[in-house]
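First chain A sits with chain B, and in the next complex the same chain sits with chain C.
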Partner chain A sequence: MRHQRSLAFVALAAGAMLLPEIVRAAGDMAEAAANLPPAPQPSRADYPQIGGLSARTVAWGLAQMHLFLAAFVLAVPLFAIATEFMGQVTGDRRFDDMAHEFMKITMAAYSLTALVGGSLALALFLFYPQLMGYLLQVFRGQVLIYAALFLLESVTLYIYYYSWDALRYGNRKWVHMSIGLGLNTVGLTLMFVANAWATFMMSPAGVDFTTGAVTGSVWEATRNPLWNPLNLHRFLANIAYGGAIVGGYAAYMFLAEKDPVKKAHYDWMGYTSNFIAILGFLPLPFAGYWLMAEIYAYSQQMGITAMGGILAWLFIIQAVLIGTIMLAANYYLWSGLMRTERGAAYGKYVKYIMVVILGGFLVWVTPHSLILTPQEIQYLGGTQHKLLGPLGIMPAKNTAVNLMLVFTFLSFQMFYRSSRKPTNKFADIGNGLIIALYVIGIINIVGAGIYGYITPTVYKVGASVPQVISTLTIIVGAVIIDLFRLRGAEPEKVHWGRMTERSQYALFVLPVAFTWLMGLMGYIRSSLRTNWHVYTIMKDNSPEAYIPTIGQAGNTITVITLVFMAIMVFVFWLSRLGTTRQKDPSVRETIG
Partner chain B sequence: MTFLRVMVFSVLTLLAFTGFANLLPQVQSDAPSDEEAPTGAMDMPAFIAYGESLFSGAGTCTLCHNDLGRAPDLLQMDLRADFEERLADPKYGGPKDIESYIRESLVMPSAYVVPGFGKKGSNDTESPMPAANKPPIDLNDVQMDAIIAFLEDLAGYEPTVALPSGEETAPPPEPPAATADQGAPAATTAEEAIDKYFCAACHDLLGSEADLGPDLRGIGARLGEGGIMVAILDPNAEITEGYEPDIMPQDFAQQMSASELKLITDYLMNLPE
Partner chain C sequence: MNTKQILAILIGLALWAAYFYAMDRYIMNAQGLPVGYDLMPL
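So, the complex of A and B:
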């Protein structure tokens, strides 16, 4: 104890001796900042008006379109290389072919991504020259690095795609996968660089907070407080999104094809893509939670604008969209049970899973406070319904989302099991263990949810941690146990292609809902800055520096999504056209 | 054919989403007024109109003060009755005139929290509203006067604030403080004041991550405004466990101007847990 006190004293004494130095250094920095050029503060007249165009709508539309395309183009190579690796390890050629086909769709979208990205940069320099000038001042040479990375991305992408057949077997396959690894490394770095600019505008760093003068290095501005949370969120979301788009492609091809063999191929591709989309989607709420927690930590006002002000209602729309995605993905999985003979045995559980998914969706969509007339408030005795009001707060939402994720995983597990008949002795014990895992995990999720109601706010947040851990434990634990209990299992015949058309439309809901959801979240993230270009540093004095109504935003997002979906469906159509060969008329004549 | 079927399906799905978005309550904040502050003399009606534009624009007041229940809906409620009830309430210990009460609400939102509108878990002792004179809202004195004039007018009172003469665009000069650092101008924001007195060199403030002094997160709830002022002006009065006395300068009472002390205190009051 005495020793500790002596140490503390020495530390304090050293600190006290260092204090004048620290003070001088801080003084020098403040003085240096005062001599540097401040961030521009444009007035209304400084924003160019070009042909009556709405600058914000143009920038919004192009930025969102670029993001949709870029997310897809960056995500597909990630799971293409994983699928290619799977093909190499299992020796199943189908994986390799599918990975190649994934890349084929990416190639069609790549040039569009670059085109829209270039248009976006042009629009931003035209409509917001002061902001772009300031960002260039902050990020300096990084812009050139971005350009170099883009060039490298193009080179590696083209080599990766076009060398597929040339580097197909043996050691050459590993060379091919190394190129794919390089492509993904460059792609992710590109995304991280772009994320730095977007998050700098929300949580600036490396600048003087009074004047906006650039005082720090490019790296300081890059690793601003929201950079890593957004990096993780976008990384996971891109995988989910890429999976959903490719699933949409598979659904489109399934609907268009008449050949049963091709139908079977696209059914399998759709199943795999749905799996990838849900795999990326499962941890997304937790990454989103981290991002929002960091937003609150950086600026309480920004957090309140998101969750407590007018944007709060957008999270109800978010709930509707995620509920739609969950229901569609599960419906698709339940439909898939008809592919195997043993699948029907699991059909009886579907209605219970549906009750949980639907119930979770309804809890998530329940608002905390209601918009009511004075008479209604009088009748209810407040703005919250006595029974439903408690469902509007975070403990209920966290419980709902965790249960939805657990039961979506159960839908996957049912199909996986329906295609294998266990033969080893561990099967029954393993089954018992999995049931115990589900029961204990669900009790823990619900229990932590109830605890969240009776504990102060500060512990409410903490209560969500055991819920997440329970969900992940169920998923990981059940996968591991199933691997052991299905070792040496008799494979059941899976009738790929034995799916209804309805199920394919359910699969197609995923890209539509994901795209709209991304648009919505982009609108929220951007609106959090309210009337600041760079939060608390550079004001946005443009005539459109206001938060539009949810309806206006929804309409804009719908138009952008519609254009994007039209482009994607056109790409799908082109892709099918590319594989369609006209019959040789002379051959027909000969036969005739 | 498949192309058309899929497109029609996409359109219908999107219409469902956008239809739902249009069914929800619609609130829009206005674009902020172009002017930072009036550049010339104004009459009272113009000043009130300016305050109204700030209320829904640069002040971002309508983001929360609307009919969504986040904060009292000032535009719809009976403001006059509410003001008078508040000032007559013996539990309310703040200023007793409307102008000062509104000003206090703008710059020290936690001084009095309307029941039911406090931060969750704070038992209505802490307001979620940021101080209007600090970033990100960052209104200057004239702009706050304009909002006060607007709210006084809205409540049916004759506005009591002084009209701008056109010379207030710069902050009013601070009275010279009797300090050892005579040359330095008085800080006008909490961040400037914290920089000026090097608080962040020892305390983890403004992202400094310094740990020579105690962690100040949540100090507002622990000490209150008066307690914080005492801790700044007489730091040896109470020493946090684990820290030694005499490390923090003892002469802030002579160095700081009253406004700087207030800026730092307000900032610390709003530091989250």
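So, the complex of A and C:
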């Protein structure tokens, strides 16, 4: 105790001695910042006008397109290497072939990513030269590192893809996977660097807040408050997105193929891709929640603009899209139950899961405040509906989304179980424990939701964390118990390819809804800066420095989504074209 | 559903209830939100 006191005394004395130094240093820094060149403050005349072109729409479209393509080409190698590793560990060559095919689709999209990225950079320098000049001042040499990483990404990607057959067995396979690991490391670093630029514009760091002068290092600007939340959110979202796009490819091939063996392959690929998409998707709301919480922590004004202000209605559209994704993914899983003989036994539970998912979806899309005419307000007796109004606030929505995630996982678990017949003694006990886990976990999620209505706001927000942990406990707990239950289980034959054509359209819904959703959320994230290029540092004085109407934003995002989907169909078609061989007319088939 | 399974459910209900209750309390307190035995704000 005495020792601790003396330590505290020494620390205090040192602090007291250093205080004048610290004050002087702060003064020096302020003086130094005053001498540094401030952030440019462009006037309207400083923004070049090229014909009748809308600078914002051009930059918006190209940035979004680049992001879609980049998300796809960065995500696929991540799960390609995981699939390749799975093939190596299990000795099942089908995994290896599928990983190779995943990469084939990426290759076709890679050059388009670079082309659109280059066009975006040109458009930004053309339309926003002052902003780009300032960002270059802030990030300096990092831009060159980015360019070097891009080169390295291209080299490792080409080597990884083209050496697949040359490095296929034994130790060479490990060399190949190491190249894949290198590719993914470079890819993720690229994304993290680009994320730093985007988040710096939202939550600047390493600059003087009065003048915008660059006072800190590149690293200080990079690790700005929103950098890591966005890194995590984009990492998970990219995996979900990549899985959804590849699932769309598998569905396309499933519908196009006539050969039952190939159909079975693409059905398996579709199932795996859907699994990857959902795996990335399940923790995504929690990462999004963290990002939003950090936005609020950084600037309450920014948080309110997003969730309670002009952009709040877009979150209702977000809910519709996420609900669509959930319904499509679940429908695909339920359709998959017909692949096994035991699957039918689980069919009776589907309707109950459907009720929860649809109910959750409806709660999620219920708005808190309605846009009403005076007559409607009079009829309702206020701006909120008596029964539906309470469903518009976060405790109800958190409860709904957690239940939707739990029941989506249940759909997965049913399919997993349908192909395995338990034989060990723990099976019944394990099943009892899992039933109890679901019951108590769901009660806890609903209870925490109700708790939000009867406690002050801080408790309401705080209660969302136990809800998330409950969902994760159910998922992790059920997986662990099931692994013990199904140890030594008799595998049931899975009839890959025994799927309806209708189910494949659910796999098409996923990439379309994901693309739309990313476009929408990306727009919201970017719009949070309102009329600032760099929030509170550099004002946007361009003629388009306003938040567009919901309709205008919706139309722009829809057009971008449609163009991207057209590009994807082209990429799928190219991949199929690459495997199509014309018959040699000089070789005549002899009959008999 | 056999006796063993019903017993497992009952024991599971008690165990999971204890786990979720402890988790709720711990997380609320860890966030600086003190709660009583009934999980209501103190």
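Just so we're on the same page, the second predicted complex is superposed on the first by the 568 of 592 C-alpha atoms of A that agree within 3 Å, B and C clash if a C-alpha of one lies under 4 Å from a C-alpha of the other, contacts with A are read in each partner's own complex, and residues count from 1 in each chain.
Definition applied: a residue touches a chain if its C-beta (ideal position, glycine included) is under 8 Å from a C-beta of that chain, and two chains touch if they have at least 3 such contacts.
Predicted model only: the values in this text are computed from it and were never measured.
> Give one of first, second, both or neither to describe whether A:578 is in contact with chain B, with chain C, with both, or with none.
neither
> Once chain A of both complexes is superposed, is A:508 in touch with chain B (first), chain C (second), both, or neither?
After superposing on A, A:508 lies in contact with chain B but is clear of chain C.
> Can A:347 be said to touch chain B (first), chain C (second), both, or neither?
It touches nothing on chain B or chain C.
> Please work out whether A:436 is in contact with chain B alone, chain C alone, both, or neither, and reply first, second, both or neither.
second
> A:451 in the overlay: touching chain B, chain C, both, or neither? Say first, second, both or neither.
second
> Please tell me which partner, chain B or chain C, touches more residues of chain A.
B
> Counting only touches as set out at the top, which of chain B and chain C does A:305 meet: first, second, both, neither?
After superposition on chain A, A:305 lies in contact with chain B alone.
> Check whether A:543 is in contact with chain B, with chain C, with both or with neither, and answer first, second, both or neither.
A:543 sits against chain B, while chain C stays out of touch.
> Just chain B (first), just chain C (second), both, or neither: which does A:530 touch?
Once the two structures are laid over each other on A, A:530 reaches chain B alone.
> Taking the superposition as given, does A:37 touch the first partner, chain B, the second, chain C, both, or neither?
Touch status of A:37: no partner.
> Could you list which residues of chain A make contact with chain B in one structure and with chain C in the other?
456, 458
> Enumerate the contact residues on chain A facing chain B in the complex.
Residue list for chain A touching chain B: 8-9, 12, 15-16, 19, 22-23, 26-27, 30, 43-45, 205, 209-210, 252, 255-256, 297, 299-302, 304-305, 308-310, 312-313, 316-317, 320-321, 369, 371, 383, 456-458, 505, 508-509, 512-513, 516, 530-532, 535-536, 539, 541-555, 557-558, 561-562, 565-566, 569-570, 573.
> Hey, which residues of chain A end up touching chain C in the complex?
428-437, 439-441, 444, 448, 451, 455-456, 458-459, 462-463, 465-466, 469-470, 473
> Residues of chain B touching chain A in their complex?
2-3, 5-7, 9-11, 13-15, 17-18, 20-22, 24-32, 34, 57-58, 60, 63-64, 66-70, 119-121, 128, 130, 135-138, 189, 191-192, 195-196, 198, 200-202, 206-207, 212, 242-244, 247, 270, 272-273
> Mind pulling up the chain C residues that touch chain A in the complex?
Against chain A, chain C makes touches at 2, 4-13, 15-17, 19-20, 23-24, 27-28, 31, 33, 39-41.
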